[in-house]
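Every chain is named by a letter (A, B, C and D) in the order it is written, and numbering of its residues begins at 1.
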Amino acid sequence: MAPSLENNPAFNRIPPWVKAKLRPQAIEIIQRVYDWVETECIPAERVVQAQLQNNRWKTAPLIHELRKKAKAQGLFNIFLPNHFKESPGLTNLEYACCAEIMGRCYWAAQTMNCHAPETGNIELLAKYCNDAQKEKWLKPLMDGDMSSAYSMTEPDRASSDATTIACSMKRDGDELVINGRKLYGNSQMNDELGIYILMGCSDPENPNPWARHTMVIVPARSKGLTMKRNLTIMGYDHAPEGHGEYVYENVRVPAANIILGEGRAFEIAQGRLGPGRIHHCMRLIGQTERAFELALIRCIDERKKPRGKLIGEFDSNIERVAYMRMRLDSMRQIVMNAADTMDIMGNKAGRYAIAQSKVLIPKMAADIIDECMQIWGGQGLTQYTALPEMWTYARFVRLADGPDSSHAHQVGRDQMKTAKGFETRHKQYQQRYHELCKQWNVEEDIF
Amino acid sequence: MAPSLENNPAFNRIPPWVKAKLRPQAIEIIQRVYDWVETECIPAERVVQAQLQNNRWKTAPLIHELRKKAKAQGLFNIFLPNHFKESPGLTNLEYACCAEIMGRCYWAAQTMNCHAPETGNIELLAKYCNDAQKEKWLKPLMDGDMSSAYSMTEPDRASSDATTIACSMKRDGDELVINGRKLYGNSQMNDELGIYILMGCSDPENPNPWARHTMVIVPARSKGLTMKRNLTIMGYDHAPEGHGEYVYENVRVPAANIILGEGRAFEIAQGRLGPGRIHHCMRLIGQTERAFELALIRCIDERKKPRGKLIGEFDSNIERVAYMRMRLDSMRQIVMNAADTMDIMGNKAGRYAIAQSKVLIPKMAADIIDECMQIWGGQGLTQYTALPEMWTYARFVRLADGPDSSHAHQVGRDQMKTAKGFETRHKQYQQRYHELCKQWNVEEDIF
Amino acid sequence: MAPSLENNPAFNRIPPWVKAKLRPQAIEIIQRVYDWVETECIPAERVVQAQLQNNRWKTAPLIHELRKKAKAQGLFNIFLPNHFKESPGLTNLEYACCAEIMGRCYWAAQTMNCHAPETGNIELLAKYCNDAQKEKWLKPLMDGDMSSAYSMTEPDRASSDATTIACSMKRDGDELVINGRKLYGNSQMNDELGIYILMGCSDPENPNPWARHTMVIVPARSKGLTMKRNLTIMGYDHAPEGHGEYVYENVRVPAANIILGEGRAFEIAQGRLGPGRIHHCMRLIGQTERAFELALIRCIDERKKPRGKLIGEFDSNIERVAYMRMRLDSMRQIVMNAADTMDIMGNKAGRYAIAQSKVLIPKMAADIIDECMQIWGGQGLTQYTALPEMWTYARFVRLADGPDSSHAHQVGRDQMKTAKGFETRHKQYQQRYHELCKQWNVEEDIF
Amino acid sequence: MAPSLENNPAFNRIPPWVKAKLRPQAIEIIQRVYDWVETECIPAERVVQAQLQNNRWKTAPLIHELRKKAKAQGLFNIFLPNHFKESPGLTNLEYACCAEIMGRCYWAAQTMNCHAPETGNIELLAKYCNDAQKEKWLKPLMDGDMSSAYSMTEPDRASSDATTIACSMKRDGDELVINGRKLYGNSQMNDELGIYILMGCSDPENPNPWARHTMVIVPARSKGLTMKRNLTIMGYDHAPEGHGEYVYENVRVPAANIILGEGRAFEIAQGRLGPGRIHHCMRLIGQTERAFELALIRCIDERKKPRGKLIGEFDSNIERVAYMRMRLDSMRQIVMNAADTMDIMGNKAGRYAIAQSKVLIPKMAADIIDECMQIWGGQGLTQYTALPEMWTYARFVRLADGPDSSHAHQVGRDQMKTAKGFETRHKQYQQRYHELCKQWNVEEDIF
């Protein structure tokens, strides 16, 4: 039903340099993802809404069915980059093209098991778990048989600086005893939730602040673990996944659940967050494209003719549409480059490109979607379109995985370190200027 | 319980020129409104939430009680400017100071019967109704015995250009027969809703597009009138008032319900919207002040110390706080000037000042609140604070009573009309330049 | 020749509250200033340019003549507020209306001896000098017989933090011996320059950093004082006043030239800068109004019809014009309020309002003028209009008298001090919430 | 003298995907361009300034010498893309890397004959001239023996809509007789200027507005052609190239000078402007990188410590630096993609990518440079650095080759044409939703 790749807009917007890097098998998957999202997901959005109305904390039956179908068709877990042995084989760049398309529908990624926090968690488990752990947790996650949560943020700490994380983990024999409070991490109310990947402080006195923390897998129904409330985001409950606020009171977990080793949480955290951040950004672009399409559709709505002109006939809106288009395409360049950088140089070397995406894209996305809502006029903020949910998701990503400012500070501090080199270079210019003044018999201008 | 006026921040922020215009009785009322909001409203916010949880479409019992108390204390209807005989006696400027304080709590204005759309409707009825109509509808509204809705926007029209309003009103004997669809206007689900003030098209063939429309009072439970859905705003249902989407099918209303006369809707509309727009802006300022306070509180939260510093110790946040403060105070100057202009020159002459407020304030408010949410980090978008509701309200006002662009276009077109005068003046400069060149013996520079 | 006050745009834009405060004699002066600027100054702009072409570092003869005329007509020194005995009698607010008009022409203020740095210097001398000093320096400055410079900024210090000022002043008998480098302060090349008001460090070891500095009057042709270069601003030499870069080498000045006393520079500095900052802002508004008029004139230029429409017929430009108008009027509110606050509460209490103007106005002015240049298209950046000079002046003021960020930081730090009070208040809300929960039998929601 | 490519910042900032496309010979040229700019150009900036002081309208001797050297070293004309037979062989993308480096010094491109308007003109002549014309004009231009101007803009037309160009060209035998006024195009005062490529209207009555105009080569010293004034840009005379304002009075030119044929100007114009626009953007990025380096150097200047901290130790500046860095790198992605798109798909298909660069880059560049000036404090706007010239150039490019809005309108109109397709698609979603509702037994939600 969906238009074929050659004349489909999602494919045409891919920059030439990216297209040139896509292997035939990737192009085929992109086309299949596009058909899937256009045919199975977008038209079903209101069906899913209706199903959730009845049973707020259960995955909608339609989504369950789609997950089965997608798995059967090999469209499952395609986010996992090709350097993992469990990977279906796409590069980060190739997956980026898929992720953008998935972003067009809020839950499309979920039908392909490519949604947050699953992707970050699966990549983490694939990278750092031993075989026994993988068998126990990675397999069911990749099979889509359970879901997982990532639990780091705390209400009583500035979690953007993860060294302040305080949730206490004390070793007691071959168990860890956990006490503390956590924010975010999916809601316990959804009974498909199987595990939390929890970051806590196991060695608070360690002189090295990067060696104090540990990551451990906590079964979702552990004794002593209670969910205090579901966190709403701009009023949305985000059911049936939700965002829990948790209290740990003497929760006991086998030490065998520790990932990589005690005190190695930062090693893991650094590896985890890169791709996850990029996935968010990729999907945001797809979502913003869809918002843009909705704005365009409004622009030619014959029922809306203030002062006798279509909305799209106003020069001011023509300019708005142009700037939205140009910004959107800039966003894509930024994210595609980050994905490509990860492919070529690895996640660690790509840290800056990832931060650049994480800081710039969600803000631009939210701004563009906001403008689309405004173009829609009186109906722009209502349930007439998915624009309000889209804005909320973009806004949310400005805080998820660290607020803008913490990433910007990291980038800024790194830049400051380069200043010395430029100063040295500047002095070399001055020295050469001195020579040139002599050579050309010009009076030196000293500042 | 609230601090006395001399050292209360809400009073201290009032610009000196405004303070100098406040009469002693007004100052007393401002103090009383302040005490009321600080003691009765803000601390009760979560109580009202809890009560609404149980009975979503009924006014919360606490609010009912506060309304009774406020009425008994003479804090009811104080928005109605002193040129109305029904007015408690404040000027627009004096009321502006009260409205800002009311804005600190989402529903505080309602406890004093100073909320939208009541204020606009009451002012409309007071201004344009005959005595019989006033007795029937104005009285119960001012007594707080029923609530009202304003119904103009349509799903199938560009309602920012009200001449396109299509809802059909046909005279049949001494009745009007109404057919059409309407958006916005409070929800029928709340049984306190008594009437709609409806704008429709009664004479579509009239060559004068400003004489085609009529305003009429429609009882809320009229036969043929059905509510299709409650409109959510960024997902919020805004219960128990809500925003309805309505279908009129052969709804019959007595012609006696027509306000001012057939074909005179625009005469009324123009008079109505000015003060209402300003009230929104005033309250937005109070709300933004409260958001700002919440951000400041976060800035000194001892639990939040990324990189070892309080959030408020970061220079970047010091600058942010400064800009928020300076913009907030600019907003107040703009709105206070609009209120004062209405007092001195009337609503019509104040049209530009009102538009200036309507366009600039909601955007600034939304931006500042957005920044406050960001300062709050991981909890910023959640139910930890009222910031998400605050942002949503500010965002909503950018569309309510006409989108930004329709007001801006009006202002812009008016400005363009002044161009000719400046051009003439410019030619006079050139003529005088010509003389001066001769006088000073300087060669004329011709462009 | 200029339109009478009732229908002149400069007067009509004054907010009603300001108009109500203008005394008849002030209104008369505003009218005269308007006539003066419109008739004598604006049309003469290119004449002055031509005269300066011939003699770059001499005040243009036309300006000399206008200064004589203005003085004869009592339009001299009108900036000096009425609390000085030397004042012609206007309040800061009344003068604000004049200053805006003066700002319409770059050098109009100079014809009335109301230009920077003269106004700040005259106010400083009037406030802090003894009678002998006044006779010697204040009188000729107010008579327009010489000009003065203010010299504080240093190339080797972060002068936005004036406590770092290093220029050495050593007492030697009844002389001060001065060594150091200074930036800014008018150019020595103009032989009308009579004195520098110099800030230096006379007591570097004083434990109180606010008591280390001294202000002294330095005759412009002092031995040992050399000007190294004229500083250009965005390439403009700003002749014939200019901006000098100076070296002091054992410059000797009588101790009698010290103002107020050794170590009291900060006392003086604080008093000086307020009004000067506001004057800049006032003039910037007038200048921006003129830029706006030029943009409007372009909007109806019959020769410019891209795609068959006048520039002013594009909806996008209609919106631009509207936002420029609304921002401009906001700027005026902010500055007028600052002037009024100084009148009512004094310069010190007005510090915040002054900072608010200083930070917000120049940026807005530069942005609006930039947009006006853009509306002018290909000719927008050229000498076709004075827009480039206007932009440069507005941009300059973002750094003159302290960069934006130093003022913003001051405001921000002051705001942070208020956080504690709001936190306390917040706790009181919580306490009352606790009571209300009991009263209404609602479960308390604890965060 | 310059650092080798591996550890040179200009090379390291090139995105991985671009690096992968650079051929070894291109990498070698990039390194040589870098050495050239760092060693021969940047340190010589003030020498050139001093030389121009003496002889304002002659190319500086130092630049003359560098041009000879660069030509000898094969660094001449490297901008001409490899699909021209006259090309030294770089692709647009490869040249983009060179152009960025050239942008670090205002006149570095000129030393390599890669400056505007030469590059656009050479490409035009190479593409559209016959052999005789090439021999006469292309050869000396590529040899660096004369310079050329492009003359299209008119003072009496909205030249952003080139169909309004009015300069009259009438055929008289085998001559064209030209009458009209032109703005821009280099100054006649520089005697190296050899020709104008002039666009005029030769067939005003042609019903096809795109066939009315002709391009012709006008010798610089033609009879009847006079330069009225040199246009300054923000006060800069841009000598010795300048920008002329011209009057054509019966200027006679051989018809053999017509390029491509009468009435074919638009065909030529379209082909010309793409690469020239991209060159501007590429150079702007290099220039902005240098501004950024200057800001960083200021950040660690030990003499500047307001409140005891280096400028770069303020969190606010750390954030500023981060955002500058991230925006700069976004700009590079956008331009590199445009260059690559031209390489792969041709100039015409690259039209959108070119417009995207042209609209977004100059604005970002100007904003970043403006921030760098602000970071420099009191010296930021003066001749202490080249920042003011840099800002002015970036600002200029927002108008050169068409103002932002004309490009944005073109993009916007093209986007509006895609609306219909999305509307159709939206209806297909609705149809499928209808089916899904039946399948899942869910009530259809009709809007």
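By our rule, a contact is a pair of C-beta atoms (placed from the backbone, for glycine too) under 8 Å apart; a residue touches a chain by one contact, two chains touch by 3 or more.
Predicted, not measured: the structure shown is a model, and the values here were computed from it.
Participant: Common contacts of subunit A and subunit D?
Facilitator: Touching subunit A and subunit D alike, sorted by label: B, C.
Participant: Using the stated contact rule, I'd like to know whether A-B or B-D comes out ahead in C-beta pair count.
Facilitator: Of the two interfaces, A-B and B-D, more C-beta pairs touch across A-B.
Participant: Take the average of all CA coordinates in subunit A, do the same for subunit B, and state the distance between these two points in whole angstrom.
Facilitator: So the centroids are 37 Å from each other.
Participant: So what's the Cα centroid distance for subunit B and subunit D, whole Å?
Facilitator: Distance between chain centres: 48 Å.
Participant: By the touch rule stated above, which residues of subunit D touch at least two different other chains?
Facilitator: Counting only residues that touch two or more other chains, subunit D contributes 155, 314-319, 405, 447.
Participant: Show which residues of subunit C lie in contact with subunit A when the two form their complex.
Facilitator: 155, 314-319, 447
Participant: Residues of subunit A touching subunit B in their complex?
Facilitator: 153, 155-161, 164, 183-184, 229, 231-236, 243, 303-307, 311, 314, 316, 370, 374, 377-383, 388-389, 391-392, 395-396, 398-399, 403-406
Participant: Where on subunit C is subunit B touching in the complex?
Facilitator: Within the complex, subunit C touches subunit B at residues 1, 9, 15-18, 20-21, 38-39, 42-47, 49-51, 61-62, 293, 296-297, 299-300, 312, 315, 317-323, 325-327, 329-330, 333-334, 337, 340-341, 344-345, 355-356, 359-360, 384, 405, 408-413, 415-416, 418-423, 425-426, 428-433, 435-437, 440, 442-443, 445, 447.
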